[in-house]
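Both of the next two complexes hold chain A, though its partner changes from chain B to chain C.
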Partner chain A sequence: MDVRKIIESLTGTFPEAISEAMVESEIRARAYVDKEKAREVCQYLKDSLQFDHLCSVCGVDYIKRNELEVVYHIASYDHPVVLTLKAALPRDNPEIESVVSVYWNANWYERETYELFGILFKNHPNLKPLVLPDDMLGEWPLRKDYKGFPNTTAKNLV
Partner chain B sequence: MGEMKEEKTNNSKEIQEEGTIPGVITTTTSAIHNFLKKTKVQDIINWGRKNSLWFMVQPMGCCGVEMIATGCAHYDTDRFGIIPRNSPRQADVMIISGYVTKKYLPSLKRLWEQMPSPKWVIAMGDCSISGGPFYESYSTVQNIDEIFPIDVFIPGCPPRPEALLQGFVELQKKIKAKKDLGTEY
Partner chain C sequence: MEEKLEPNEMIIHLGPQHPMQPGPFRLNLRLRGETVLGAEIELGFIHKGIEKILENKTYLQGITIVDRICYLVALVNEECFVGCTEKLLGIEPPARAKYIRVILEELTRIQSHLLGIGEFGEFIGFVSMFMYTIREREEILSLIDMVTGARVTHSYLKFGGVRDDLPAGFKEKAIPTLNKLKKAVDDFDQMFHTDRIYRERTVGVGVLTADVAKSLGVSGPVLRATGVPFDIRKNEPYLVYEDLDFKVCTETAGDCFARVQVRLNEIRESIYILEQCLDQIPNGPLFPENTPYGRRTPVMRVPAGEVFHRVEDPRGEMGMYMISDGSDKPYRLKVRGPYYPTLQALPPLIIGTTVADVAAISGSMDGCTSEADR
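Right after this comes the complex of A and B.
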């Protein structure tokens, strides 16, 4: 399947939800998705465009735009195109629909994004911290305004 | 331990005052230990202790690989009486071999409490001494020497097995000189 056909199909099916869709190369494409429609777009990608492999879910903090972005990298076992799907969330209330019901392996990715960025994934089956201890919940260490980094409490700094 | 001793001595005083055992001074094990620490017998005890330093196999980072290599046949720590043990209840030495994250610290404390006394700690590698490459991380514990009574610091990233062996030898010297932090003299 050609990368341009994929983008055309995506923008044709979701004209309101998909924005700034562009082709980077023969194997890379990217698009912004509306946060309300993220799960439906993923469902469509999996069912109709053979995007059956979710590579990663991660977050980016754009503090100057007052936005948090969730980034999905979705690839396929049938064609070589990797789609970078981004969803912009407001920084004071970052909530997005979980895609675990579409891609089961998003479970731990979303838990890690939750503990590091504080992005709340609605309808996630088990949204609790993955790696960090429970008492660090609420600090959101990878946000740009995190106060705990650099940690200067060591008395013998190298 | 101090409380126990006080209670016991009070009891013995009561017994003496009541006069149930005339002419007999009762004592406690901790009192015997405290008496022995002032005599030459402690030298013999320490000689035995320093020659059977069993360390707990609890690798925490890449230094843990060196620690395992030290316990294996090539470096043969058995000639110093240093044997790897898998259970904290059979171990004398805990080697902090890597960064201590905030999540792992409670487990590490629990392992330390499970070890029977006398027990010693060796901080191995830059991570456990000062944080190493993670010294300004949000999730690691700084100043591990305020939490555990560390006798020997082994710098290196990671230190070679020979360095760990030398650390053990230094710990043996400390125990022999009664300068170790594991026992109260």
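Right after this comes the complex of A and C.
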């Protein structure tokens, strides 16, 4: 499947939700998605464009812009195109709709993003810490203004 | 697991330390008699915070850190990290360096699969299997050791090339070792096909169908055992895999037996790839010419940008998402390991089976908890 056609189809179907769509190479494309529509766009990608494989969900902290980003890497078992979808969220109240109902394996990725960045995924079936201990909840260690690294992060080992 | 238990139901915790596990994670099983009614996994016992550490190390130091994501496939982790950085820098290694990388990564694949098969045998009570495979694995590790100088963590790849050339006499030592391994793999194959107890423990156990496997998001031998020919080396060729002749090994049964069979066949394909590489490897420099990148690259800055690079790990699809802000440290690095989604798919797979099969199914996934936790 041609990467340009994918981008055309995506921007044609969601003219308001998709912005800054660009083709990086023959097998990579990226776009920003409106945070309210992220789940809907994922559903469309899965149903209509063969993007049936979620590579990962991760967070990025852009502290200078005062924004957090949720980044979805969506790929396919049939064609080699990987689409990078990004949703920008305000840093003081980051909330986005969960995509677990579309991609089953988003479950752990969203739990991890939640505990490391404090991004709240609405309608997630089981949003609780995965790799961190419960008492570190609320410290959001992968945010850029986290002060505990590397001196206090090992406190649970002592 | 908080819900109230019915009479004659119970919860047992497997782990975090348990002989059937490839690393520390806790598996909470809700049982009625011997049947598994519910399962839940708790992770985080060896969470190392590698993504945070990498944000605070320079790119060159990062090569050493990514080795530790999974100690079994250190060279593949390096390939992914170095490949990301090379794409941002806009450089490409010369042909000889690419061939050396393929040789080492295929050796890594062989030793990882050998350990995976051996551990699986151990989990289902076939302890001699571990002895058989670890003996062959040692020979492969010696080959890797000959080139990189280390058995487990190598720090061998550099941006734009590799640290050292192949030592003199490498080919002469590699060919007999690979020929010996071929015979051993044939022996294992025959053993698996004729051993009645082994077949009863594995055939039809933990069956995944292609549709379910895709919806669970797994990759690697677990997915290929269901008949889906998904291999990053073919789908999205990197290094010199385009020029090499190999096939993607698939099985159709999707059970534990098929998963081990896929690994055995992949060892054979890797040997075939290695033979081609050793024949075809060209002479030439190890680093791209007319660039400042070499064996002793000093502290360097990487142009701002972002890239998502995928390679084929022995366990499936390994990806890294690297964002650079133009400084000498990565702004963000997300590691997308292959075992993380596979481990996530374990609970739905073991519900409805018996406790004895939990070890077989979990073992046939060939896990590395170190990489799931990162």
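Operating definition for what follows: the second predicted complex is superposed on the first by the 150 of 158 C-alpha atoms of A that agree within 3 Å, B and C clash if a C-alpha of one lies under 4 Å from a C-alpha of the other, contacts with A are read in each partner's own complex, and residues count from 1 in each chain.
Here is the rule we use: contacts are C-beta pairs under 8 Å (C-beta built on N, C-alpha and C of every residue); 3 or more make two chains touch, one makes a residue touch a chain.
The shown structure was predicted, so the numbers you read here are calculated from the model rather than taken from an experiment.
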In the superposed arrangement, which partner chain does A:130 touch: chain B (first), chain C (second), both, or neither? second
Mind working out whether A:54 is in touch with chain B, chain C, both or neither, as first, second, both or neither? second
Counting only touches as set out at the top, which of chain B and chain C does A:27 meet: first, second, both, neither? second
May I ask you to decide whether A:104 touches chain B, chain C, both, or neither, giving the answer as first, second, both or neither? second
According to the contact criterion defined above, which of chain B and chain C contacts more residues of chain A? C
Once the shared chain is lined up, is A:141 touching chain B (first), chain C (second), both, or neither of them? both
Under the stated touch criterion, which partner chain does A:93 make contact with: chain B (first), chain C (second), both, or neither? neither
Should A:149 be classified as contacting the first partner (chain B), the second (chain C), both, or neither? both
Do any residues of chain A touch both chain B and chain C, and if so, which are they? 131-133, 141, 149-150, 153
Considering only the defined contacts, which chain C positions touch chain A in the complex? 43-44, 47, 49, 51-53, 56, 214-217, 219, 228, 230, 235-236, 306, 308, 310, 317, 319, 321, 323, 331-332, 334, 336, 340-341, 344-345, 373-374
Which of the residues in chain A end up touching chain C in this complex? 27-28, 52-56, 58, 60-61, 71, 73, 77, 80, 82, 84, 103-105, 107-108, 116, 129-133, 141-142, 149-150, 153
Touching chain A in the complex: which residues of chain B? 101-103, 126, 129-132, 135-140, 142-143
Chain A residues touching chain B - in the complex, by the definition given at the top: 131-133, 135-136, 139, 141, 146, 148-158
